Amino acid sequence: MSAPPGLDDAPLLSARGVTVTYGRRTGCRDVSFDLWPGEVLGIVGESGSGKTSLLGALSARLHPAAGSVRYRDRTGRVADVYRLTEPERRALVRTEWGVVRQNPRDGLRLNVSAGANIGEPLMAIGARHYGAIRAQAADWLERVEIAADRIDDPPAAFSGGMQQRLQIARNLVTGPRLVFMDEPTGSLDVSVQARLLDLLRRLVADLGLAAVIVTHDLAVARLLAHRLMVMQGGEVVETGLTDQVLDDPQHPYTQLLVASILQV
Amino acid sequence: MLAGYNFAYLDEHTKRMIRRSILKAVAIPGYQVPFASREMPLPYGWGTGGIQLTAGIIGRSDVLKVIDQGADDTTNAVSIRRFFARTAGVATTERTAQATIIQTRHRIPETPLKAGQIVVFQVPIPEPLRWLEPRESETRVMHALGDYGGLHVKFYEDIVRHGRIVTTYDYPVLVNDRYVMRPSPIPKFDNPKLDMNPALLLFGAGREKRIYAVPPHTRVKSLDFEDHPFTVERWDRPCALCGAPDSFLDEIITDDRGTRMFVCSDTEYCRGRSAAKAGE
Amino acid sequence: MEPVLRVEALRKSFTLHNQGGIALDVLDAVDLTLRPGECVALDGPSGSGKSTLLRAIYGNYLVSSGRIRVTHKGAAIDMAAATARQILDIRRHTIGYVSQFLRVIPRVPALDIVAEPIRARGHEYESARAEAERLLRRLNLPERLWHLAPATFSGGEQQRINIARGFAVAYPVLLLDEPTASLDADNRRAVQDLIGEALARGAAIIGIFHDAEMRARVATGTYRMSEAKAA
């Protein structure tokens, strides 16, 4: 496992005053935070809280109306994501980031084999050896607990949980440093969720990944995130260590959220 | 020449527009240049792009050869050759070595080309990424970013399913180490001829309104995997007529009992070789 | 010897916004100093804020006012004012916490739970696991349970996993909340030995021990919680 970073490392991702609007409607307003390598930040809130807009702005898919998103790449260079040229931005997303969508069908090619799905990001960054690509795909299938003999099957035939695990493999095969996830277990059954969360936990720890995870499920946040931001009505109402925010919530909305969780 | 028509059918302004597109295409090898494709006296799908290219560049002293699937005497080749004979009054030929402009559908002649010759290819679908991405806006960005990983996905799948890459014609190529291009539905056998050819190669798609080019002596590499390199078709016998061991052969059924023979698809090349042999 | 932990004028109150905004004052002006080799037992009736104090020191609860100064990597840091990142680092290296109840994560086997804090400090999986096995053996947790997730274990088994996890790393400061509540005599003795060894190597411990005998054996001092002021 990679050693945890020193405290004097520079942040990996910095958001300042990020505001997303849709015409006169506000998606999210004035969001600022720093994220360090190896840290997982959970963004929690209910529908309409602005968390999805925020994730879109952070992951270079939604141009914010105001504010900036800065990322420090492997060479140490800090780039303002929205000041990059389109080719630079795409290269960044391709080589340093991963984006895991809630519905795995949005993040996969359903009619192409599982192996090709995992291999495509490698081919996109120039891999040209079939045997090596296939070997890496097989390795990742094992890591996400998909049977090796499914490598040539198209994911259209997979269960939802398998599709989601395949999407994760497809995103991690290029060795990104930062992964954005939108409700990664949102479309899965509870028993399947547990397995996926366990996988995510281990991968994040083993690979030293930084991640921004949007979820409405506080249990998922508790399990995966080091820090939490609670959003309501487009604004961040509370932020802090995950266990502190969930065990000692300060904001009325956070207290309401925590108190609303049903016990099994 | 027909009275009342422009030289080679198109007006001079249109030719200028086409030549500007050609110049841009030559300046950026393999890049698809949009052009204002005109209405031609034959429908889309019959070579309107090629004809516009030829009409744009042909001059009184040019000698034109037109082939279709390698043969000078197929219906379309005959029609197009006659079209230019009537609208431009230019000399025409079947001899590859004598032609200054060769318009072709689906083959490159076997006779090696020379500096100063121009080959005009008829292209149905110019966009190599169209099967992967239906949006034109998106494919343009993919070309701009050199985003060609998805193309190799198809090859990967071929190897998974068939053990080898199964594309056999219109096989995508990387031009000048930059743009991926469809060389028109020529058999992959002809792809090596594209590489470092002394002739100028022009490609026209009339319906899709695109012109692209490979200037003389340009690197053209067929896409493949390092461990599944590009290979061409081979036959286990020579041409039945002229004995050529290394030309592209067509399979011809000669009677109702299924008797077949393999002969050069390039009829002029075959005739030339047969004549040379007979003269020996 | 220099104190490793200094709690100064610590106040903690909870405001329940969704219940009319009532405020509960739980901690009022707590002052406590801890030196290496000391084991302070928190003394007070139920509701006097013992667990709250431990959680506040660990950063699990925010403080309303006051300071919690801990010596972390040679420098003094106030937990009450530290950033989330600093607190995470302090938890990784300096302060360990054994809570009353094991928080169970589905599918993670007991051994991995115990090994996790060792791995969080960058150690290899194999050596972390070996140390986890050693601790579980000491706490008499049967080997057949090591590779199972503890969701179905008894309270005593879960508590022993919790304890093993807390002692897996040689923290300078250890916070123990009822470490032996569900344990039998043998295991209580094992925990007592672990505490003794930790103190001997210079750790400083604050503990809540309802078991008077345990308290008598390990505590080097007592801190009496004052009654909370009525809201």
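We call the chains A, B and C, going by the order they appear; numbering starts again at 1 in every chain.
By our rule, contacts are C-beta pairs under 8 Å (C-beta built on N, C-alpha and C of every residue); 3 or more make two chains touch, one makes a residue touch a chain.
Predicted model, so just to flag it, every value in this text is computed and none were measured.
Chain contacts here run in a simple line, from one end chain through to the other with no loop closing.
Using the average of C-alpha coordinates as each chain's centre, B ends up farthest from chain A.
Once the centre of each chain is set as its mean CA position, chain B and chain C turn out to be 77 Å apart. For the pair chain A and chain C, the distance between mean C-alpha positions equals 32 Å.
Separation between the centroids of chain A and chain B, computed from CA atoms only, is 47 Å. In the complex of the two chains, the chain A residues touching chain C come out as 1-4, 7, 36, 39, 194-195, 197-198, 201, 205, 223, 226-227, 240-241, 243-244, 247-248, 250-252, 255-256, 259.
By the touch rule above, chain A contacts chain B in their complex via residues 86-87, 90-91, 109, 112-113, 115-116, 119-126, 128-131, 133-134, 152.
Chain B meets chain A in the complex at residues 141, 144-145, 147, 149-150, 152-153, 155-157, 159-161, 224-228.
By the touch criterion given at the top, residues 14-18, 55, 59-62, 84-89, 92, 105-108, 119-125 of chain C touch chain A in their complex.
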